[in-house]
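Once you scroll down, you'll see the structures, which are given as structure tokens.
Both of the next two complexes hold chain A, though its partner changes from chain B to chain C.
And now, the complex of A and B:
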């Protein structure tokens, strides 16, 4: 069967392909576009592809869950698992994409949609750190403070990010752009201090590099929004 | 299996566990070495269990008997010779010749470290709290706190029954397994991670606001007191029980075995015991609904109606003020008055002017002596009980077609079923512990077909939910039968070899195609066909049904269809198949077996059969027993109004609440010339009595009770009798003596000896065996018979040995909705309240959970009427009206109203239709026409319970006393 699939250009080799009832939906439709086509980065091995989109802010906390195209995506996800419990992780990710974070109400709605116990959904959602139980800014800045980074001044880097964004750990900055948190090991111990912003790594970060990073993120965000405005007009 | 000898119930437990889908690797006994001694582990035993049975204690916290071993706490680590790492003994099975050390240096060090780390995270134990952690720590000499303590969470005291003190929690997840895997209520979860991991209810809600049904399984499982029953005492004053008594639950027909903890002659707590029907599980009523026995309104002295106080059917006596209507009397005087009153009517109007209602809540011995007293002392067959109101039609259909009114297979058989149909029953509410086994079966892979006008809780677990229109059971079931024949799925061999009447059935069913019936029952034909196919083609399929099937004017027809379904497919006579009408009361099976019904002597021998009459005439010493069938419950009430029945003796029944068109029933009771009531409270019925005899409550008596599974079980007295209360058995016998019978006083054990002669199907059950084994299943004809859990395996007990198909045509209920009464009225029960509420509404926790009368309606109906949840509404029918608070319930279908009948201040039976099924004589409780509108006034007030105090303005006072105070 594998040869019948049309491989996605630059897509995730783990993607099950256009099969089943919702075959007209592409991987980007189902998983969002934050990484599809970008990962794996050109020239790197497929293993560098993250098997999962990193969902961050941008959703609307009051948006209805699973309506319209999101309903289709939910159905597509459900069609790919042998039972509803199996689909819980991607469905939670979808809910987070829609609303920006997973409130208890969102967990209850996911539980109802999948016919699972709310307590079970709560248990799963709170186990994984990539599900946000509280709203986060557009950019989630995670500063590694584990051993290697710490020896190289991660605390100072963390303080620099907090000072530059004017926040406490976990807070959203006044402009809604940033949330800075401490992270456990990011697996980049060879390049301390490691910082992850949404799905992107910044390595060998020093406190002095922080303003430049934030400047770059702001420019990119501005470019994105003007591109969106051009497309809209 | 000689190794199992001398270990009571070991084999049964092993079988039960394996049926739950947890087969153990060692199916045979295993010899292995434990701490240097060679011992034998029984089949299915883990190292821990074998050690415990040989009095070798191994510390363990996350494991407890009955739950799946999880191996997460690591307190039970043992050293096994030749293995590199230690092994958790709770989930390790011994192999032949294995050498296990529970006390080696390594094992002990591991055990102690686990306990020390857990102690560090725990608070100082409250005095009296029986913490398993502290017990093991004491035993292993672990006490030093070398590590920093953690910050402790606040207690959650939001639930009336259960305190949550997570400071004592050690995250063993016993409660999670109890809630999710045993009871399958899915309320408790394990959330967060690392040092922040904690137990949560739903979405980390306060327990009192969660969907918790308060079964208390988690409390029973908790080893540290993080989950505790709420007691009226302050924390810190949790006295240990003085004694424990092995008894039974007094509520539904499941027949859970309990351990009653007693202190200061009061029930202190109730725990589930490892009985065959419950495997240690209980529900909220069984575990927390016990304090009614200590309610201040208990009748403690005999009462006689005051001279000149009339019986007013419209104005019932206040149960808290009996002396307004009655005066206290001595037993001598009251018994004389009771006997004289009945005797006088017997002399003046003949035996037919007398009647008796016994109770399905009393013991077999009480039921037996009661019917014997009516038949021998009164000389009439006018004796009945509430079976007439619950499964009379089921029994009529079963007797007609398979010649046995009891269940063919036990509830636990659902573990062997591939598919089961639940119709007209809401077991999560009415038989909660039976429902847990059904949910376990579904988890194991069995498929559920749920058929009910309401989308009840089990729908969450069902493969097919057939939410058919009320009253159309026969249309739906005939369409399923039609499908089975139409698609060639009938079991031809079974029909040929073991049944009669197939051709007539098949002929009638031609008109009942799903395509024709879908418009009547409201289920698409394809869905009906799919459900029928699933039932017919499953290797083993079972049917459970409840009052939704039986309480119709076509109740017998409904049951006939179910029987045909089983016969047509051969789904009977084997494990995991069969017919199971879920019995409502703890002893409704037994009371019927004992002949507490007007047409049968004990063991269902017809009163019209001369041979049976001769047999019992001989046994009871009265040659001229009444040869005519007696009147049934509703017929007796009608006869009372017509002055054909003039005197009654009612023991533990409450027809003034439980009968249909209850205003009519109350008038009938008031019209009696003489009424003797024997009960524990001044019930609505007792308030119309001439003489009231204060009776013993369930935990005060010893006797046998037969559950829905045909299991005869022993209930043992745990409490002394309060005040001047006497044993019911004593009262019946005293009355008999005063009516001229030469009965000597006998205890339950002696009466049981006579029952063994009267009821040969239980003849092999000795009292000694009941005391030893607690439960024995009948048929058990000879001493030593194991008891048959599955019947009809070879033949049916009919004269031909074959079962009969009885075709049933679809017909409408008696009172369909119309313009004036546009809604269908469905009565039933809620989890917390039992029947007429006499017991549960006087139980603190249950009353606190559900204090007010309510009706449920679909959201769309509420919107149509412009009502919001919590509004007071008046529900009226052609017979009366009641006022209650309305609840929004998407489970209730549009066009109908659901109402529990437990509330005296809004008695649902004021509205119900007394029209009877022609065969079972059961009234149509589940279907009549009503109208609903906004009420002008708030609901009335019951004479007891928190609600009474709240409505009377005493809210602050009631709350200050706490929910368990009464």
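And now, the complex of A and C:
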């Protein structure tokens, strides 16, 4: 769109958004990762445990729901609502975190855990876009194409992600790594184009930045699997 | 300091610590005066706290501008469980202020929410944050952990004997859940569909109990008002729009981001001086001044103070003060089509004018954009838009019509060019 693109000022550490006059900030500063620290699977204080990241990749469709640390987290979640139905959204999120998506069977298990009818749970789950009724790639790439990003070339960013991953919107790439979809406003309109990859935002993304972002995601995934292999051996 | 740019004319109250990672932590926040206001509030009666907020004339920052203290005063001390809900669903295209508040100053939000809870005698605060905000959610979650560990949340808040629990609750992707009663349904584990009012939340809110709901930015201002007094807040801004506000500036600007100014600051100055004007040497075509659901303004309409009452006089709304700025190359029809598709996607489907109207608007806009529209389509758009205004349970329907009606009134030539006709200059819509 913009033939002459005004360069970013202050840089954009790790695509955590243009830092403008705060050029000294690191990616960890902007994202707050040092402050947040490790979030254990069983959760921390109960009030903070309804909000753990889900859609983080690495889910296993055959994993048991609500066992071990996840049972502990489920109990913490249940303690925060005056009735079991109130816990439905966070518990669906927890199930999706464990299994990667929400099959009808998973929804039925959630229903049983909360004493709700399976049809009721399906009716609620289908209302919300963040519950995946089908599997998605290890990285779910959501490109905001709403107005503030659209003005700044979001359609081209979407095309660049689709081309680089060789997919159509919503498909899983051949290597299972990527699903690219168009998203509504992500609430980061001052940092166009805003892109969400699993639990992280990538901001001020231009089409030219797409290969480097995918390269970084691949490196991180490789580091995660070799760490897992080391733990396993 | 607003982020990621600053301007010396800013008055930095809410944003004083944006871009400062130390201010996130409880220790850092306390060093900066954090939680003193909560202590001051706990030494007053709940009614006195509400009275201060009422006297400040603070208006809600979630879009509608309803007086905050007045809203708090609707709650009765009747012994039923009361709830405070924090609306952190921020999904209105153009709005990106609550995310900054949550990720840079999580304790500012907790402090405001706890003061609100004390003032209405609520035992539980739910922070409803949109599910996409994982990163700010982890920051707020950490702040909640810290607040519990330090005795700021939970039983015996700051040794006062008052119990206030705080729970962070994530949504799951639905714009409509920002509407206050849809948010309550969603919190209760239902589909996020707005409720018919009355009954109002002060009587029948979350879980059927008396509830107060405020936007993140609204609650973040409360500690400052308690600390510095209602008169101080009223001395900033205009008579009807008191205090400062975060302006979320996006689109084709040289300097995008949040800036904090007293309400009443001139819109033209904000766009051309503070934000450096339009990128790449272009000129300005249009501005949406308050998030995508308010009418657009054309370039010659911007010399106005950014106060609720003054933007209304100019035929639009200040809304969330989220300004989307469009340069002279902008394809207005395409951008309006994109906004309309958003509303069509997000309509909860309960009301016929909204469900059918948004779908029709989107279809007609696509047809026009593809060069297959007729002049009758323009009349149809106006007709549909009018039928969608003021006829439904919530105002999402009105919001969908706003960009269509305002762009047709102000940029009709762009529509006419697409339907293959020369632009008659003063054609009435």
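The definition used in the following text is that the second predicted complex is superposed on the first by the 172 of 233 C-alpha atoms of A that agree within 3 Å, B and C clash if a C-alpha of one lies under 4 Å from a C-alpha of the other, contacts with A are read in each partner's own complex, and residues count from 1 in each chain.
In this section, a residue touches a chain if its C-beta (ideal position, glycine included) is under 8 Å from a C-beta of that chain, and two chains touch if they have at least 3 such contacts.
Fair warning: this is a prediction, and the values are worked out from it, not measured in the lab.
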So, does A:185 touch the first partner chain B, the second partner chain C, both, or neither? second
* Asked: Is A:82 in contact with chain B, with chain C, with both, or with neither (first, second, both, neither)?
  -> second
Chosen between chain B and chain C, the partner touching more chain A residues is C
Q.
Under the stated touch criterion, which partner chain does A:93 make contact with: chain B (first), chain C (second), both, or neither?
A. second
Contacts for A:152 in the overlay, against chain B (first) and chain C (second): which applies, first, second, both or neither?
second
| task | Return first, second, both or neither, reflecting whether A:200 touches chain B, chain C, both chains, or no partner chain. | result | second
A:127 in the overlay: touching chain B, chain C, both, or neither? Say first, second, both or neither.
both
### Query
Taking the superposition as given, does A:68 touch the first partner, chain B, the second, chain C, both, or neither?
neither
Chain B and chain C footprints on chain A meet at residues 123, 127
Given the complex, residues on chain C that touch chain A span 3-6, 19, 21, 24-25, 81, 90-96, 98-99, 103, 129-142, 144-145, 148-149, 153, 165-175, 186-192, 207, 248-252, 254-258, 279-280, 288, 292, 322, 324, 326-327, 330, 334-335, 338-339, 342, 345-346
Given the complex, residues on chain A that touch chain B span 104, 107-108, 115, 117-123, 125-127
Per the touch rule above, chain B residues touching chain A in the complex are 180, 186-193, 200-204, 211, 460
Chain A residues touching chain C in their complex are 2, 4-6, 10, 17-22, 25, 29, 31-32, 34-37, 39, 44-53, 55, 80-83, 85-90, 92-93, 114, 116, 123-124, 127-131, 142, 145-148, 150-152, 183-192, 196, 199-201
